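When the chains are written out, they are named A, B, C, D, E and F in that same order, and each has its own residue count from 1.
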């Protein structure tokens, strides 16, 4: 355990292996959206805005059920090297598709679509500054924006009760130089052996676990260790969400 | 002049006809870009990031001259009603094209391309919240971000002197209910008879004047009155730019 | 004034500074369109065809009002060097967008949309040969084609009176080698310090003024001089439109 | 044969079954292209412009051989009902692809690619007004424009001899109400049982024959009769090409 | 005739000039489609699947008539050198457009659209392995798949009688080294002087004949010889179709 | 355990919960590709073709390292209801992007890029018939096709030793009606509470684990049970791969 402390020094800012980065949730970052949250996880900053629209996509019409979906974008200079706009390239890239599908699935897991009724909620997650973990930050922030938007609908009497069954939050974990680390920053992520995203609900249920070996393979024991560490990190995220919603 | 005061009451927030909205320029809003400024003009907020890249577009190669260009985007929930992403639609719309061409031309007018050398500077102007005047705010903010980025190049010794000959700033003016108003908010803009954008340099030269009749036509006298009012507004913008650069 | 004459010699074809190029409007250039005009301004030739369609875009439905819009294209060999087709490139360029928006706005300024009723008029402006000033030629020609098409609707009894309140015409002016010149040909335009487009109605009202500094800046005095010269040129264009319509 | 004359009266303008429409070839229709011809076949008008570019597509580089290709377009109001621009729709349609491939193949059959050397010739065929037979008119006109452009290269000394081995021309034939008709106008084409395009060279060789049954099928005898009639029509087209080139 | 036998040896596998390649039609290749046939013509393998959908395209609605259309694709490694996916390139190429239009026209010629009623049948023809003649194999296979799908509709009582008036089949012929050859393999096709596709119905009527000179031109006599040979080949294809349908 | 047998009856074909579907790997399904395998997992059939190209993408040039990538497609009638072609829609969908990224990552985990050298291997995975588990079948089949292609390079002397470090295979597991099932067919997948894909190497290392809750959430215990069952299934897949490669 003593040797452990020495190792900790390798993380930027003296962060411990299972210590998440500084976290801030700012509700109402823009006034134009039904629900708006700026989430900051270390240097990663994602603006999450919720839009409530009447009606659902064609294939769901007359089902009496609602729909929740997400779109993800990155400003060209969210990254140290400029990334070309997807609007300029004329198409959405594979990474963007993958991320926005993950966000959408994660949020749908905590919404009661019958209570929502034939409404569509779109969560726009736009990365203003990227330093790793943008997709998990987007899930955590988007769920908070969703809670704000649904809260307004209840307050306005449009909904009797909130269709949000519980909160959901997400973090990344990974194996870097053989050690399991919580909440990877970009520099860590880019040299990780294994990269994992974990999405959990407030009651501790798993919604999504994705562990990818970037170099070599990983064992069941490592997978379990990553899940242990992720659970710790998500606990903190859920707490921050509660505080943010209490304030808003 | 007495009657004037009564009329003033029509503008939101008790603003006078030739009074601009509250202005704030925040340098270094993101840490990832070579030059970054968040400009806030009333509720309008535009993030302007400057990128410096080596090399120039193909048609300029071996000319010894640089190039300055701009891209403009709007987050889906910058507006009260959600706007679909241009990346989703697979193409840049006409309005976006028109605006980013205007920003690019305005900035090129104050840069000495020979001093810049074969470098390309891209100004990304992304609207986080829109309440009218996003294109003129983008010009004013982008010029500040450009000054910051060029300042770094000079400081780093990559450039002997800054290729920025002088600052440029822009504002909107318009005729609403027959009165010439400075710096239109969205609500005013949407019912304006005439809508005008004016781009001026620090030495008072005109770079771009675009006056469009939205209803009916306008006279030479009205055009002159709009230019007078715009000059007053731009004076303040140039002052704010100087203060921002002094701080940065 | 004596020195002035010497300077005139610099314009191609011995044209005076405030002298427009030879102008010709040919009505009925194609028989397939509701209104068709070929406009020739010097070597610039633009075919303007008006289409009348029942119905309006979705956002205007049930408003009882009509809509006027324009599309602009350039044949690949309208220019000395071949320009790739926008259909081949799979998207409309920024310049095209900017121009067709300008044409549309200019024409809408002279049409009473209530009198038009729920009809859409599309003005297709296709450049057969380009020698500068294609966008202003397109406006002048398109308004004539529009008048022809609306005339037919009145004649056919579909409309009681023409929704065209008055004619609109446009020209370019510019500053070349310090001198204000009317109706720039391509060679002049490409080396102009300032390039301006002016759109005016028959009663002398201004619809659109766009003055762009291509090199350096311009003064209020120069702006006024350009507007003076433009007014002279537009007078002639309006006269030619009247003659063309009298013949048709 | 007597009954035949009565039947002839059914064709618009009293045209005989094997009589082509009025034909006009105007060389130099635009001054901007290396070779330019406006071809008019009845009401069908196609502007054919030839562009000579140095170099060949990547897959032909260093072969010492040239390339000839064609692009085909239709102005929106070439037709009685407006056709949306392919640039607006963001892609080239199947019909356009099919036609421009046919034009390209037809012209390549009469060009000696070794004599042309590593140059690319692009034939832009743009339909100003459409009344049937635009693709065959395009071939006939494009070959004339090609001859003009190559003639200029020879005259300028860039080529020792013309790579154009002989002229090529094309016409349509069809079976309408059981009768074989030459050079179908749109109204005839739209109710034809069989529609055929024939491309022939000056020495009587066949380059392309495409006969399509639109309703039912056709026999070998009918195919032969269509080829007989087409040969007569193409003879006239080749004569008109010779006269046009003699004048130019 | 003796010399003829020697020449035959030049065809791969000792095939005679008017001898088609080995042919196999496998009904029900996939179980998911209403009609499915794998056609193998030598090494060429095309999977033809028929889909029956209720309703017709907008322009046919309420006509009481049906529609038959085709789509053609090639797997990237159907060819010896990998071909990029059209989905990756973001657009359908000209060759694909041309082929699927040909298949669609050929099949429509044998379907009674009134008997079909307001249904759309889509024939997907996907090339698994390509060795020349994919478009004609697609027509022959697609007509068989269409017959299977329509047979099911009759069997299910959805249609009283089959709208398929008769079968249609297609083959290629060409002139290689001056000799007319039936059913060209890729190697032969790539050096052919003339390439021809012939589409015929069971009663011997011609639906489509397309003969293209790839080098030089061809004569009427050669065209007739190619049609003679094609008729022999198509006879065999029609027989194989009948056997396949008898089994299915 | 007795109750277990009763439950088994719920799976189609009397399949046990941890029993995979019938499996077949056909090497050399097409002759045109460097490595070709048709994999059949129950009714799911995926054609996997490997292409070896010299050179690597731009960002890897001169690194001395190779690249392995995958593309995934689905024939329109692989599914019971026809799916529109992505080439027709003009873009790759999110699901396709997600799948082909997963296949590519899985294969890269077992290839030594230095031994491969500056070559690119593309694995085209095209679904001929879909009944669930197409992405995991694609991974298993593609690795086999990759082994075949690399084997040929070694045999031809182009590579001294194979860069394939070990085989990789994949399967799906899920929770349906509360029970953990191996290798879900479409009908099971569509009503699963949890859907998981597991990618493992021959030495038992994990490459990718993705578990998604489709309804509710899952526990750590359930995740472990799914991993246990997946390991059993993958063992069989690896055995089938070995047998296929021994034969080829």
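We take it that a residue touches a chain if its C-beta (ideal position, glycine included) is under 8 Å from a C-beta of that chain, and two chains touch if they have at least 3 such contacts.
Chain-to-protein mapping (UniProt): A, B, C, D, E, F = Ribonuclease PH.
Remember, it's a predicted structure, so these values are computed and weren't measured experimentally.
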| item | value |
| --- | --- |
| Labels of chains that are neighbours to chain A and to chain F | none |
| Farthest chain (mean CA position) relative to chain E | B |
| Centroid-based (C-alpha) most distant chain relative to chain D | A |
| Interchain centroid distance [CA atoms averaged], chain B/chain D, Å | 52 |
| Inter-centroid spacing, chain D versus chain C (mean Cα positions, whole Å) | 33 |
| Chain B, residues touching no fewer than two other chains | 90-92 |
| Round-the-ring chain order [start: chain E; next: chain F] | E, F, A, B, C, D |
| Complex contacts: residues of chain C adjacent to chain B | 91-95, 97-98, 100-101, 105, 109, 200-201, 203, 205-213, 216-220, 223-224, 227 |
| Contact footprint of chain F on chain E as seen in their complex | 30-33, 36, 43, 45, 47, 49, 51, 53, 71, 73, 75-80, 82, 85-92, 96, 122, 124, 126, 128-130 |
